[in-house]
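Next come the structures, one after another.
The two complexes that follow have subunit A in common; it is paired with subunit B in the first and with subunit C in the second.
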Partner chain A sequence: MRNLKNNIRFSGLLIVFTASLFTSFCGLGGGNGASSKSGGAWITPRYMDEVYAFMSGGYSGQVSINGIPSGRIIKQIPVFSVFPENGYGFDEETKGLLMTSQGFLPWDDSHHPVLSLTNGMQDGRWLFINANNTPRIARIDLDWFETKEIIEIPNSAGNHGSPYITENSDYVFAATRFSVPIPQRDIPIESMSKGEFNGTITMVKLDKDGHMSIDLQVRVPAFHYDKSGCGKAVSKDWCFFTSYNTEQAWKMMEAEASQNDKDYILAFNWKVAQGCISKAKTVPGVHYRNYHPENQPAISEKRTTVKMIDAKDCPGSVYYLPTPKSPHGVDVSPDGELIVGSGKLSAQIAVHSFSKLQKAINDKGAIEKTIDGVPVLKYEATLYGEVQKKEKEAGKDYLCLGPLHTEFDNKGRAYTSCFLSNNIMVWDRKTLDVIEGLQTWYNIGHLSVVGGNTVKPYGKYVIGLDKQAKDRMLPVGPELHHLVQLYDISGDKGVFLNEFPTIGEPHYAQMAPAELLAKKSKKFYNLKDNKHPHATLTEDKARVERKGKEVHAYVTATLTHFKPDKIEVKKGDTVYFHVTNLTQEYDMPHGFAVYGAEFPNLLVMPGQTKSAMWKADNVGVYPFYCTDFCSALHQEMQNYIRVSP
Partner chain B sequence: MKKISKLSIIIIFAFLLSVSCKKEGIGIGPVESVELGEAIDDAKVEKGAATFKLKCTPCHKITVKHVGPVLKDVTTRRKPEWIMNMILNPEEMIAKDPTAKKLLLENNMMKMVRTGISQDEARDILELFRKVDEGKELPDYIKKLDETPKPPETAEQPAAEKK
Partner chain C sequence: MNENILQKHKYFVLLSVPIMISVYFVPLWIIIMGGVQFPDPLEMLLYVYDIVGGEEWNIYTINDFNHYVGMGKINAEAMPELKYMPWILGYIILFSVITFFHSKVYMVLIQLAHLTLAGLAGMVDFYLWLYKYGKNMDTTAPLYNKVFDYQPPLFACKQIMNVRPCSWPHIGTFIMLGVAGIFIYIAYKERELHLKK
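Right, the complex of A and B next:
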């Protein structure tokens, strides 16, 4: 006990020390980084973290979960990429989740995790995340922490502005990052500049069980659409999408697409668009919707059409708000009134006002021009103000270069990540006055406050998601890790607490208080509810069945043996192993591997059934064994399969 | 004065009684007391044997040592509540109950695990154990619980090896 106390005291000191070192090293000064109300990032063994952080895995295609404030990695949830650790994407149950119009895809690039909402608050039901490369949205169930559904978005390319969600989880959205010919056809690439390409905004409807279907695609001018954020409270019927390359360049975009000093935020009234569904045309749009029912093989459904309408044919649904310059994030304040555009090539953060937007759309004089029938509103007509650099103290610039993304806390403050100046700018939502800058290391991309996109943020912590953070961790060859930096924002000044490397490249993260999720996390699959068509619910049913050249081995696993005792097949057979774990205990998974298998480890949770296919190509006797250390007799958990000529 | 001391004696006595009444050796789990009938309830025994066959034979036989210990005479070794708690809550039992802890050491450190049966089903199995321990001739369906099931007919056994 005394030891523990000492430990806590020691770590507290350590953090104060580190924090003060950090602030002085970063030249920020002024900060009273000397105390941390949360008691620091050190978690006494056995005590659990306060917050779940869901991080996108970027080019790993997955989601990882870290505990906050400790930063410990708790789990990787496989989503858009196969995962040898537990057989995801290889086993017969989850293969179907990765089916697309382009066939089975073993990989994608995942960007933005978004938690489901009820009345603008996190409800702990689901986490959504987009696949950027081959456009899709996945739904992860937060009882099981497993991917349960993936829907493909047709007529899109680079699903980046996705999957932002409405206040009551009516819709998740998708916007094309890259404009392309819609429908796809063979035309000169140069015709991009002649407006022959298009973008789409896709409304993906959620039913009460979270099932996804495409309600409508709205065809919009051929810009590149980047990120989005949905309204809340007063602005709950709206979602906002940033755009860049309003120059419509098709090559050398870093120069040619960065000419205009303002691009646009696309303001989208989804309630109005919903009213246009009946007017929309049915057009080709092959896409898959894959669903993984509890403890059963995934079901892949192919759909061939979608409803589509041009923005100009649904008046009142789309407006453009000029915003400096190539804005990346667009984020709406908790009260729904401020729409913050972070212009990544500018030194300003432009803040639009929702009430001014409401006035402007009814005022002919506020319209600057139209693009393909979409009204462009005058900058001043919707502007609330700009967060500018500010001389806070003599000789110290609080400068935000390359603002990317903004979230909000529970104390009236906004936090903007500044990619070029390597800091987080903290500013007052009312006055737009800068309060302080928090130094990051380095190349900060997105940031995340606990509940930072809700109507009542939890606050307390902000994390910065940094890119290629060299010189902070031991070097391990040319490939760099990415880094997360954690700050306690419960006091007057932000205090640096902790930093830790991540899996893949976390583009964005959302954080939820542990109390929302920890209690309802499932512990095992109930055998009584196991409806898997190949389940073997008792040991006496373990058996081997032949159907022509196909053999089905119904295998049971319990501590610490498999049944049947032996499996005998013929050369040339295709063997399906269907393994059911008969245990009904929280911590008793079993694994399954067989010599020469092309599938990796099958990790079978208690009460779960998983299947994998094996080709009996060579005559002989081959072992299969449990890959998950399950007991002192785990090494004995092994049988043989015999392949006869 | 006298009255008060009498009362306090009664209270103290009642308290001592209640303490000594607290059962020992009932293990840890959902079951605090079990009512046993005078006679054995054969309907329960039959249901218990069916559940035992499905859920327990992976690790137990009745009169023969298998993965877990021999279960014959378990009702004389243990209290009925202890048996049911062991069936329903093995993880905690093995971790905390001194008798169960010792069993773990005697069984190659093999852990008994929960099989997902209900309290009623556990009660049926207890009745099966009582029947076994009655010492009378056992019906066939109970004797069969000791048999090792034949390895299943496999998909393609070489004909020469088929018996």
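Right, the complex of A and C next:
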């Protein structure tokens, strides 16, 4: 027996070894220097990774980018939280992005990064991500890798099932994880169970430049809408939202919301809903739409109303599909046919069929009941099958406990993350047979395959995003960064390649091949295109201007000095620094920091202008200096501001 | 010397006209500034009438860096050569046209002399410019150090502090060499004919 085990272990090693040899010889993606030093994940310095992984930051509110397969952190993009490191949310240019109906908010909880699509394929234009706490959706531009727009979602709370996107980036969606009174008003919390709360499905329209606006909100029964996934190919007109708490409990939900054997997947036909916009009522819905034009201050627009319609008044737009217990993820296969609902509190992965759904909605006999006018279809009427556990094989029990999310590869396989059993279940899309289990450490949440939500996945790698790291990293006090495990899935069996820590709590991640994005990434802001109202485009224009008690210092930064040579103000002045970086070279920002300032570092990219406000409260002479080590004379890049009585 | 050149050779002379006109549109010389921290090297392209960066802002960035060591600014407007070089080339092109109509052997030889002189003068002028550029230093510049020789190379590569400029002829120079080749060929063939007679 022991011999057999050793043999298995040995052949496992052999597989890892040959796989790594294979990847090193083939050179990942045409010679990017991956070698066998760490099982194919080692990228020789100077060579670049094959894949971009966009990780949500969870409670950091940001997005971070890791290179795959190395796992190296390449960048953090500030989105919903202020970022003192570069001034995001503090400077006059980006402050406006964080405006909401509740005022300026310095933080949020970012969950699901979603790449824009054209014909169901990643097009590399934008990355969208939701704010869960104060419902919002952000758009990140993938030329600049910067947040360019944030729209607030009114009449919602807990924007979790968001921002999943349609096949041609017509819409991104938002859904209420916490049903609330709509419109907001003072009513007893207990009335949650009495139908006085509601949920909403929000259709956020994208124009050709990616600008977002709310087209329609569909009012739906007060369940908690959890995750979403949009159809593609045959099901491209549909999006799907899971729900829990169909019990409509308002307290001790861990138990009270977990009583029903089945909750629902809400199937939403957005094409039909689009046709109902003309019938919808204009209702109150204060929300902000903040847009950051290139190299200019962000524009915050307040909007006060939205179009809303009850689901029952737009027949054919909403159906409920019963799905085992508090389903979490709902994911659609590349051909658009399978709708995979993972019963979080069950050991079942329920797979619905889109063609059966099409039949069922036209068959009166398939309707079990209606809830607030929304038809509930019979479980069997739409079910394609259930993924069952695989009996023991070679000492392993392929059991998926707590299935959460599913993604797909280019070889007809599906990958489901299993939170409680700490593994990724790999199964065949046609037969629903389990092929293997890939271990994760520990408590995997989301998982991601490269292009795993497209009509033609790139495949090759799957990552599992864990909630706990425990004994996998050096201890550094009570908390550890969350871990990611990387598997190579190009062969018949998944091969464990790498694991690495991440920033914040990545919930979901989407991955895109490097060739889609690397070449078009911008290197600097062209001074000729700088239309900032306070830009100073040449050194001889650097100056200090006074307007009453307000002083505007037009500062230029270049290798390696600031102009003007000195700034002189009076006590009590409000000083605006407008710093323009005149350097025109890749990777050459200058920093700007002032003694005692309430604003943090301004990290000014080449060709960019950034502004910040400083109160001259104390008489004296104070230094300001460059914070980004820019050259051999970086230390000398400093000047003074004098405050006279 | 006063003989007419062959009909075929006349057309070669005519052919040199459009070929030389193309030189207005291509660089004559390139200086590539590479270095450890310049994986994308900065490039400076010398045209008949201008100096431009390999990419927009390259010259601007070269000037930005060069002020550290005290080198002067590259400024096409302050370079008189760039004003009269297009006229010299124009004159040579015009001379080819005249040679086509007045196709005497001595005209071919004069044109060959033009090409040789223009080429040599160009090189000497370029060298002097580089010399001035590399020797006429602002000695108060932060990184100025008299032990270094800052003069960029006329040909091939040279390490200057932490950068390694390389200087090479570009398409325009090769085209002009080709044109000179055409005239050498004509002269050689005409000489052969002359000797046969």
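In this section, the second predicted complex is superposed on the first by the 602 of 645 C-alpha atoms of A that agree within 3 Å, B and C clash if a C-alpha of one lies under 4 Å from a C-alpha of the other, contacts with A are read in each partner's own complex, and residues count from 1 in each chain.
Note that a contact is a pair of C-beta atoms (placed from the backbone, for glycine too) under 8 Å apart; a residue touches a chain by one contact, two chains touch by 3 or more.
Values in this document were obtained by computation on a predicted structure and should not be read as measured data.
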Fit or clash between subunit C and subunit B when superposed on subunit A: clash
Which superposed partner A:S644 touches (first subunit B, second subunit C, both, neither): first
Contacts of A:V544 with subunit B and subunit C, given as first, second, both or neither: first
Partner chain(s) touched by A:E585 [first = subunit B, second = subunit C, both, neither]: both
Touching partner for A:V569 - first (subunit B), second (subunit C), both, neither: first
Of subunit B and subunit C, the chain that contacts the larger number of subunit A residues: B
Candidates 3-11, 93-101 or 147-155 of subunit B: the single one with C-alpha clashes against subunit C: 93-101
On subunit A, positions contacted by subunit B and by subunit C: 526-527, 558-560, 583-585, 631-633
Footprint of subunit C on subunit A - complex, ascending: 526-527, 558-560, 583-586, 631-633, 636
Contacting residues of subunit C [partner subunit A, same complex]: 40, 56-57, 60-61, 64-65, 67-68, 142-143
Subunit A-touching residues of subunit B, taken from the complex the two chains share: 53-55, 57-59, 67, 91, 108-111, 113-116, 149, 151-158
Of all residues in subunit A, those that touch subunit B in their complex: 526-528, 538-540, 542-546, 551, 556, 558-561, 563-570, 573, 582-585, 588, 607, 631-633, 644
